[in-house]
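What follows is a group of structures, each given as structure tokens.
The following pair of complexes shares a single chain, chain A, combined with chain B in the former and chain C in the latter.
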Partner chain A sequence: MAQKEFSVVGKRITRIDAYERVTGQAQYTGDIQLAGMLYARLLRSPHPHARVVSIDTSKAEKLAGVKAVIHHQNAQVPWASGGHTHRRYIFNNPVRFVGDAVAAVAATDRHIAEEALGLIEVKYEKLPHVLDPNEALKPGAPKISTDGNLSVGKGNFSAPIAEQWGDLEKGFKEADRIFEDTYISKHVNNAQLEPRASVAKWEGGKLTVWASTQGVSNARTDIAKDLGLPLSKVRVICKYMGAGFGNKNQAQDYDLMAAVLAKVTGQPVKVEFTREDDFIGMHGRWASEQHYKIGVKRDGTITAVELDAVTNVGAYRKQSGNLSGTDFYQIPNFKKVVKPVHTNTVVGANYRAPAYPQSVFGFASFLDQIAHEMGINPLEMFLKNRVRLYANKTPFTSNFLEECAVEGAKKVGWKEKWHKAGAAAGPKKHGIGMALGGYPFRPGLGAAAIRVNPDGTAHVLVGVTDIGTGAKTTMAIIAAEALGIPLNQIQLTNGDTDVTPYSVGESGSRTTPFTGPAVIAAAEDVRKLIFNVAAPQLKAKAEDLDLRDGKVFVKSNPSQSLPLGRAVARSGELIGRATTNPTFKGLAGKSFAAHFAEVEVDSRTGHVKITRYVAVHDSGTIINRLAAESQIKGGVVQGIGMALTEELLIDRFTAIPLNPSYRDAKVPTHLEVPEIEVVFIEHPDPYGPFGGKVVGEPPITPAVATVANAIFNATGKRIKELPITPDKILRAAQV
Partner chain B sequence: MKSFENINVRSVKEAVGLLQKFNGEKKTAQVVSGGTELLQLMKERVATPQYLINLKTIPGLSYIKEERSGFRIGALTTLTEIEENKSVQEKLLFLSQAAGEAASPQLRNAGTIGGNICQRPFCWYFRSASFTCLRKGGELCYAVTGDSRFHAILGGGPSYIVHPSDMAPALIAFGARIKIAGPAGEKTIPLEKFFVLPQVDYKRENILQPGEIVTEIQIPHPRTGSKGFYHKVRERQAWDHPIVSVSTVLQAKDGTCQEARVVLGGVAPVPWRAAKAEAFLRGKKVDEAAARQAGEIALDGARPMKDNGYKVGLAKSLIQRALLASV
Partner chain C sequence: MDEEIKGKGVSRRDFLKGLGGGAIGTAVVSTGLLDTGKAEAYPTEATGTRRGKSVINLKVNGRGYRLEVEHRATLAELLRDQLGFTGTKIGCNRGECGACTVILNGRNIYSCSQLAVWMDGKEILTIEGLVKGEKLDPVQEAFIEHDGPQCGFCTSGQIMSGKALLLRQPNPTEAQVRRALSGNLCRCGNYNREVAAVLAAAKAR
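The block that comes next holds the complex of A and B.
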């Protein structure tokens, strides 16, 4: 499909709601004010593991303005978010990490609510705790879950995540050399700009929750289930959102707390998190310790990989805890065992491409190291071992990983710039590195409706929330393209379970592949209706008509035409709708990427300056070039933060997080980030909407390893534990 | 944040009077300038003053004046004003750079030089309401057993904070003086003498008594033939305190040092003047070997903790580099 065929798809389009967002007119959850609304604040556990012996709320309740205090004794509500539903409540006893919610207060203003927290008297009985996942697996370690510390997964039993194919033993026998090593990644917070907030209100037995969620439909399902309400008695709304990066999927405990507080007080309640609440009370990316055994032929071809890993999912299992960074390599014989482990730390769960960047860091660093030890150029090593078949058996819907690597190498000047590791002279050492990445592109259930109005405009209804990715604009572009009307004639309503159709949830890079096809199908549906009503007016047959640029016309004679508005005028309005559920049989989908970075490492100070960054992506057709480039850049920035500075530090004795803030957790600033050059290798995928695959999650996946490999190329020292801070670089230089 | 009463004052005298009055009534009162640092502590409920005395409403306390004897900078002058002042840029070697690398642009626009010098530690144990550390009336300096990667390697004990100000070491390298107003009138002392080691008093960072406020910083012109060097090492290039910083001012003739000032930031509970290294340099030809030795001497006696040993080598190499760049 050539680009020229499109009228809107593929252009650089500013967001349809950019004006509202930058002028402050957009109403985020925290901006919502309702008559009689109360404000709530949370009390969190100061202990990593303790039984709550008693809670005395009498003093707090006496404070003028306090309307309700809830805790595990008077609000036993299960919290099932994420599908790993085991025995978690909105308030737990025992509490299992510093930051576990103990109570919530609703008051007439937020200062009173905060003041009241200090008046709640909680007696704790401290229990032994464990912070390190390896320690947690030892017999005799404090038990965090009654099932033991190896986490209970979706299957409802404690078991590692295991995957295997080929014949491992044979693979290692075929190898000329076998390498073994361990790589470590740390807990990093999603650090999304908008802190969490929720507003709940009851009206005639029906609950409305304004949530900052990445999925109104599944938030509704969760809330209804957890509160024991019929689905139809819950409405979830999310119009504007300031990002989540995976930590606002579904409904969260505080949505339920707001609902309970609103119920007991009979007044609407708003809960808002502080930044500290956000860092310590919800979740970040699971930390990992990855032990690899890799067999390779003399020429660098991988014959076998064995990965034995533990991941730290914290006190509760919310998501898989898996590691998937080996996905981008062709591995004939493979075995993976990943143990998601409970510790008395904040939960490790979804953060943009949950199982990838930490795991790509480990595997692509090790591959780069092996290339170094075998005297092979890393580019050759990565190209040689790039994935052709998913899990060594399934073909991809499309795969241009090779082109990504080749084009990127050309653009960055790999041939001229790559040198032996640590070979640069002088105190400021140049380095160049690369890694491969990507993210699954999956098809699935989507729904959309389109109303065509008698003024020739169209109103698109989709359930998707716009978590900051520009999803509203993407859906409007797809609708404009599929309908044949200009983009500025499209209005869009999204994210309201009472109004908009079902959406799966805006996570896992599912928004465009799931809902995009439904928008196209809804457009096709309404086009049929339009042609039916236009046919008599144009004295032609419906099947001979087309619609483009807002005009209905006869295909064989385009001058015989009608403005869309006129065609629809006497119908009141026309409504098209569709629910789609495409599949690809026997195929796997993936967006691919190859990233390249150049760095300058000051060997005297350990300072790393990234001087150039090239990100090449195969995401099929690009639907909105501007939004896609922003997605790539944002992902790279997060990868740079994870590579160089970010880590949530936990004090080893008290288990209290030491740096729960933007400043101290060291989220990167503009000065850490070079201009990021984005290149799209654009071949339409036969299964994606207008040929598009996914863009949201791929860019963070190779970024950490890319930076780490560039640092190795500069210094000749391999740092196997994230983040690669100056102290680690200086220490490595001394040995 | 605990609720408090804000009082806008019109003069230094009024501020001093109010501080004295509240102190006498056993009420907690604190002065506030830009509020960038203090309000953060109040949000964390580490500081819970009943009264804030707002100095910002005092007219005439924000200025940069160049006089024959040197510069005078009013306590309410913002870091951005210092960074952008033309004369400071031309004559005070690296002071503009030090101001421009502190904190972040937003904080520098609001944060004042007075507040910068009086800011409290950024140690994570001190800043968190969850730890009642030594400096907050507790019994432990948590850095001793906890995470000490950013803590002191020199002058520590029983508290191991590092002084957070980027301005103070730079100013001390210039031989700056600080003017203090109090119930007993005004006094001007060398800035270096303003700071207090924890072995003297581990609950305070400086000598200010209740009722005293900083009104001015005075900086003599660098002597002719002086060259300086400033470098701040940090994990992130903005919005980050130093891991180690170095400020050097060297007066040399034909490569031979006549007078040297070497001041480190980020290594000790006070801005750390390397007096022995300075003495060693006097009369020496400043070459690679001398610069290296000066670094060794400056860090002689460094006692790194569990996680901050890397600072020792870093400080040495920074001093070496600074000295070679200062001749």
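The block that comes next holds the complex of A and C.
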């Protein structure tokens, strides 16, 4: 698509629901109160691996106000999307990690429900457990799945995850030097601010769930499947949600628990998680141990890469457990084996760009290290080895990674500021670092409907949720642009499976590429209807008409026009709709990024201060500059947390998570975050809606490695294990 | 350890004690009441038999209320569940995230960490109370202009902390804004935007 003049796309647009969000009117799941609604709380396992021998709920049930207690004996409901290798239920026996759900209580208020948890008597028979993925792979290790601890499932969930091209042996032979090393990343919780909640209500045989979900359509599909209901009998609603970053996709066990409790009590039920529930009961980013062997030519060109890794997916395999950080480099000979492993720990699954930031950390740190050892400037090293063809064979729909790196280097002043690692004088060491990143841009199934009212205003219906990305606003902008009417004439309804069309779910940066084209197609559909009714009024042929700025006009004579409201005044309502499923033929899609950071490392305390951050992104055309910049800033902040402080600590003997709270998990606050400078390299992608690629996931991908490389440049000591805390920096300085 | 292997029942209370975590609500409740000299009104551990209640008078967003509240209810629960001011959010319920921030007699506080019974005679301002008729507060306006909310779950709290700052310091520096908002987490990482919004609101007045 040639770059054309847009009327709304690309501007700085405030969110269409900003008013609701700044006045407290936006209703999140936890805000819902229904007449006669009960409150539910969960009891969780204190043991990492144990058989539930018996559950005595009699005392809890006698507590005034308690209406129901459910557990594995009276509510054995499968939770299919909770695990793909061994069957997972909403309550499992044996329990497989500290925090695995054991029972849920519904009562007339939350304090009573909480009290009742203390009255449930559970007898456990402890089973041997294993926490370390390498230990878990050894013969004789306690078995978490009956098939063993290598997480082998079907299709997408096969194991080990293997990928290979070229001739590895030849590649290493061609190398002038071969490097080998291991990098380690830890489990980090998504820690979205909205704690989990779900409200369920039955009317006759129909179930309505107000979920805090990233995707109403897939939540409905999952709930219907797990409860054995037809899709028409399940309605999932999510209008506002307080983020999830990948841990609120699909249906969740607590959605099912709410539904079961509502069924048994005959009353609506709200399940609420505590913050601790969220940290220990759900999931975070899978930890990894990445062993690399990299061959390079004298000039730094990569000839071969071998990656051998284990990832810790915890007790259940919810998602891939893959590592994809090598995606941004041109590797002629490649072999990757990633083993997703079960352990008796909380699940490791999707968190913003699931397979990327931890593995970009490993690979880009190592590349930076190799550059150092070979006396090559890291900027040159990254530029030289940047990816040109996906998997060394497939061209990209568009690729401006080089421009990102060159522009970013210019902006940050790389030439003037870069110095040899550890060369800065004084106790406060300056450092500068960079890394490359991005995220797949994939096309897929989307649907949308647009109703044009007889006054010329329009109503857009899309299934998307808005988890904070501004997806509602993006869809409204696309609709306004495609229809040719002002943005303020558009009303948008989202996130209700009884009302809105299918949406893939807001995860994997799929909203714009999946639903965007459907909105455009629905707009084209309704424009045809508009032109049909306008043609006789304008005494012209329908195909000769156009619509812009809310006016229908004859293309050859724009002064011959009608306001849209007049043109459709007698049409009742015109409805356009579309289901689209575009594909890229023989091409790969990706958004790209190059990040740069400057740090100041206090060599006496090990404290790291990020003094400057520049994020340069190729995301094609930017649909909404304001929200897109915010997305980039947010991704970087999460990356900074992962780089410097965040890690879920698990006691080695008891397997109990030690820091399941915001303060102890150390998520970044206002005080740790610098101004993040965002630059977009804007070239429309020929396959993206209005030329746009993806924005949501890319920014977190290079951020961890960028900060790590800056710290190395400051100290001259490579920290190979996340997070890079002051104690590690001080210890490294001593050797 | 050994006896546990043979299957000793572990209640959630023991479990939580072990974790040193989730029983915080109870802990806050009991020590808090000791401070007001009413410890006997509330058991140190919730037993289910003594769910005491008291009547309090308070003002919320300029309106007076006379209400019966449970002793163990927090101000956040009172606002959200009893009065329907759900713009005040609960993100952690233990004084760590700031989603529940409201203004109490001119200062920003965590409403999850205050007991409802302590509010007798107090004056509370919540996000809902910032709107005057149709008119938004300058801080709210600035949050719209500067894309303050991503998911929006922290937004009420950020705005209330910003508002409280501007009440006592109408012309803050950037560093002062950051410090004033530092008790308000934003996992969406929208810190730059929130600071810019508060600074812009200060200029707008």
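Going forward, the second predicted complex is superposed on the first by the 723 of 735 C-alpha atoms of A that agree within 3 Å, B and C clash if a C-alpha of one lies under 4 Å from a C-alpha of the other, contacts with A are read in each partner's own complex, and residues count from 1 in each chain.
Quick note on the criterion: a residue touches a chain if its C-beta (ideal position, glycine included) is under 8 Å from a C-beta of that chain, and two chains touch if they have at least 3 such contacts.
Only a predicted model underlies this, so the values are computations on that prediction, with no experimental measurement involved.
Judged by the touch definition given at the top, the superposed model places A:A708 against neither chain B nor chain C. More residues of chain A are in touch with C than with the other of chain B and chain C. In the superposed pair of complexes, A:L671 makes contact with chain B and with chain C alike.
In the superposed pair of complexes, A:Q25 makes contact with chain C only, with no contact to chain B.
When the two structures are aligned on the shared chain, A:V341 is found in touch with neither chain B nor chain C.
Using the contact criterion defined above for the overlaid structures, shared-chain residue A:H111 touches chain B and also reaches chain C.
Once the two complexes are laid over each other on the shared chain, residue contacts for A:G634 go to chain C alone; chain B is not touched. Of the two partner chains, chain B and chain C are each touched by A:I656.
Looking at the shared chain after the overlay, A:I376 reaches neither chain B nor chain C.
With both structures placed on the common chain, the touch criterion links A:K126 to chain C but leaves chain B unconnected. Applying the stated touch rule to the two superposed structures, the overlap between the chain B and chain C interfaces on chain A comprises residues 46, 111, 114-115, 654, 656, 663, 668-671. The touching residues of chain C, counted against chain A in their complex, run 4-15, 18-19, 21-22, 25, 46-48, 51, 70, 72-73, 80-81, 84-94, 96-97, 99, 126-128, 130-131, 136, 140, 143-145, 147-156, 159, 178-179, 181-195. Remark: chain B residues 1-3, 104, 124-125, 128, 130-131, 142, 145-147, 149, 231, 233, 235-240, 243, 307-310, 313-314, 317-318, 321 touch chain A in the complex. The part of chain A that touches chain B in the complex is made up of residues 46, 98, 111, 114-115, 604-607, 644-645, 649, 651-654, 656, 658-659, 663-664, 666, 668-672, 725-727, 730-731, 734. In the complex of the two chains, the chain A residues touching chain C come out as 14-15, 18-19, 21-28, 30-31, 33, 43-44, 46-47, 53, 56, 63-64, 111-112, 114-126, 190-195, 240-243, 245, 274-276, 467-470, 626-627, 629-631, 633-638, 654, 656-657, 660-663, 667-671, 673, 675-676.
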